[in-house]
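When the chains are written out, they are named A, B, C, D, E and F in that same order, and each has its own residue count from 1.
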Amino acid sequence: MNDKRYEHGMEKLMEYTVKDRENASTHLKIADDLQDIAPDVAKYIIEFAYGNIYTRDGLSNKQRALVTISSLVTQGTEPQLELHLNTGLTAGLTQKEIVEAITQLIPYTGFPRVLNALKVAKKVFSIRAGEETA
Amino acid sequence: MNDKRYEHGMEKLMEYTVKDRENASTHLKIADDLQDIAPDVAKYIIEFAYGNIYTRDGLSNKQRALVTISSLVTQGTEPQLELHLNTGLTAGLTQKEIVEAITQLIPYTGFPRVLNALKVAKKVFSIRAGEETA
Amino acid sequence: MNDKRYEHGMEKLMEYTVKDRENASTHLKIADDLQDIAPDVAKYIIEFAYGNIYTRDGLSNKQRALVTISSLVTQGTEPQLELHLNTGLTAGLTQKEIVEAITQLIPYTGFPRVLNALKVAKKVFSIRAGEETA
Amino acid sequence: MNDKRYEHGMEKLMEYTVKDRENASTHLKIADDLQDIAPDVAKYIIEFAYGNIYTRDGLSNKQRALVTISSLVTQGTEPQLELHLNTGLTAGLTQKEIVEAITQLIPYTGFPRVLNALKVAKKVFSIRAGEETA
Amino acid sequence: MNDKRYEHGMEKLMEYTVKDRENASTHLKIADDLQDIAPDVAKYIIEFAYGNIYTRDGLSNKQRALVTISSLVTQGTEPQLELHLNTGLTAGLTQKEIVEAITQLIPYTGFPRVLNALKVAKKVFSIRAGEETA
Amino acid sequence: MNDKRYEHGMEKLMEYTVKDRENASTHLKIADDLQDIAPDVAKYIIEFAYGNIYTRDGLSNKQRALVTISSLVTQGTEPQLELHLNTGLTAGLTQKEIVEAITQLIPYTGFPRVLNALKVAKKVFSIRAGEETA
């Protein structure tokens, strides 16, 4: 089979996780957790989400991370928000940009989603700070 | 009273609507519609959303528009999406960036929200094309 | 069969719709619309929602309407919001209380749901004003 | 390129729409509407949704339609619900099964989503009745 | 009082929980937890959800479980999803059917809800495997 | 600067938390948690939510709490629900009124959101009972 999507998806995923041990291992852990119950879902994340969507032109990695984070804050799906705050930082978003993006959502989602997102951000920033000083 | 938030909010709002007759008139129409039922809500949009939040440092107008649009696509609140696709274009987002941002949301919201958002985008792009050639 | 819930539900529903032709006819229209596709759903609305829930002690009709309206604004289900703004007014909520309740939700749902709800409220208030002067 | 997903996706889509002119033309209309704004999204629907997901083993077409409809009722995304009530009927769901599935959701989504879905179902059933007698 | 709904509801509930100690005890635990704060809510679950809705004709127990699970995955209400994955298995859904139903939702809810649901499914399958080998 | 909103917001917040050590300390803890990541968000809660919105006329503190709780139950944002069940009790809502408000939402949100909310209510009531007997 000549479908290169899986390969391109893995390359793109690496751009979001390289130099980022915590995050790379989280992605591997997700794939691992899915292995015995739904291995194809892990494959679709690489092939479709990273291989088809993230590899498109027209937005930078940073912009795609900003879009993704804004959606996850709005949905309140916190495990995925934690993961994508990490991929966003690796893609080049600063902590300040992330806090500003979450703050920007107050008028559109109200305070509850924003407060829950800031709590996740605080945890992510603190883990990465610990890694950097380690 | 010395609170300059309303004034600063109006200035910021102008950055998102100037050179954009359709959009400016939509904002005025919202304020107008609220005038006899809830005038303070129109005031809070200017003072709080534009005066407090949009005027903050740390993200560009384009980035704030991207965050806002991503949240509105996720929520499926179409009248506000229509308005903020317009403010986003005025703030400097290209049509291609907007379509890419909506496409980026497929893995996070599924196709239904994305298809509904693209329909709104198509309408907005077409109205603005009509204005430009007028 | 001795189940009085349907009867009690109808009595309770009358408290929310009597003296309110627009609203009573809306309820009848809902039942009518359901008649050929899902008549039992209309029955469950009377028996369960009105017969079991609305007839409970511990909250006034006005308070139950306030709770219901707040949930419908949050969900963005506008046809039902329109109906329950009418039942709320008949139960004794003033237009001012309804506008205040919707405004109170800005910090909890953000502006989009609130603006959409105010538009529905404006329509309901205007129809009832037309009826009163008719 | 040897990726057969698009082809398999189209074949699977035909199973949900053949003998169903209204529905097939709706799918074509969606692809058509997307053509000038986001043609790749139409491609992903065929390749990923129909080519990757719907072609999987383990559930019948009828069961996949039931799952899809239940999610769309819960989300309240009505244009997609209308489409998938049609694909569900073509896949073999009866009108009675569809009404029962929507009714089954009352305890899980409450009445508002259910009433809005029944209204869409009524419209779909009526259009198809008109076609059959035409 | 001659209302048999509570009795019929309990019988129907037994069909979803018999031969399933974990699940039956979960249902009893829910009723127990509600006993001192809102005992009527436990009664409504039996009378209305099981007595009125689940006992209806037109869908099999397995189909009703599939509809319920699809809605709970979409909502992201995980404690209830855990419960209804159990009732679904007792009603005759296989683990493969459940995983397929969740996978079918990727195009309609996106990956986050699906990944969270698969995690709950993995937990439920593992607890039941433990019981069977116990 | 002459903006009194922060001051008025703090006064209003006190009405919802005075005589309520648990709750006051929760509010302080939120402000504290935000201090190093997003101190302005804590300021907006006081200035905008409490200073602008809660201080408005037209609804009593009890009514505002009822509206807020109904929205949070509907959204399923449990940390904020826990906080506002406490502010609601301090504002004068009885435990019975709170349980009734949650029960009233069954027909509008379905059982899952209601069961999750009752679990939070049970926890809040039990903590406050412990404090009173302490």
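Quick note on the criterion: a contact is a pair of C-beta atoms (placed from the backbone, for glycine too) under 8 Å apart; a residue touches a chain by one contact, two chains touch by 3 or more.
Bear in mind that the values here come from a model prediction, so they are computed numbers and not experimental data.
Which chains contact both chain C and chain E?
A chain counts here if it touches both chain C and chain E, which gives A, B, D, F.
For the copies chain A and chain F, give the interface type as same if over half of its residue numbers appear on both sides, and as different if under half do.
different
State the chain with the largest centre-to-centre distance from chain A, centres being mean CA positions.
It is C whose centre lies farthest from that of chain A.
As a test of understanding: of all chains, whose mean C-alpha position lies farthest from that of chain D?
So the farthest one, by centre of C-alpha atoms, is F.
Looking only at C-beta pairs in contact, point me to the busier pair out of D-E and B-C.
Answer to which pair has more contacts is D-E.
Between chain E and chain F, two copies of one chain sequence, what rotation angle (nearest 5 degrees) aligns their Cα atoms?
The C-alpha superposition of chain E onto chain F needs 120 degrees.
Between chain B and chain D, what's the gap in Å when you average each chain's C-alpha atoms?
That pair's centroid distance is 31 Å.
Please tell me the distance, in whole Å, between the geometric centres of chain B and chain E computed from their C-alpha atoms.
Chain centres of chain B and chain E, defined by C-alpha means, are spaced 42 Å apart.
Residues of chain D that touch two or more other chains: which are they?
40, 44-45, 48-49, 56, 72, 75-76, 80, 99, 103, 105-109, 111-112
Could you please specify the touching residues of chain E with respect to chain C in the complex?
1-3, 5, 40, 44, 48, 52, 56
Once bound in the complex, which stretches of chain D touch chain B?
The contact residues of chain D facing chain B are 30, 33-34, 36-38, 40-41, 44-45, 49, 72, 75-77, 79-80.
Could you list, by residue number, the parts of chain D that touch chain C in their complex?
76, 99, 102-103, 106, 111-116, 118-119, 121-122, 125
For the complex, give me every residue of chain B touching chain E.
105-112
What part of chain D is in contact with chain E in the complex they form?
45, 48-49, 53-54, 56-59, 63-64, 66-68, 70-75, 80, 96-97, 99-101, 103-109
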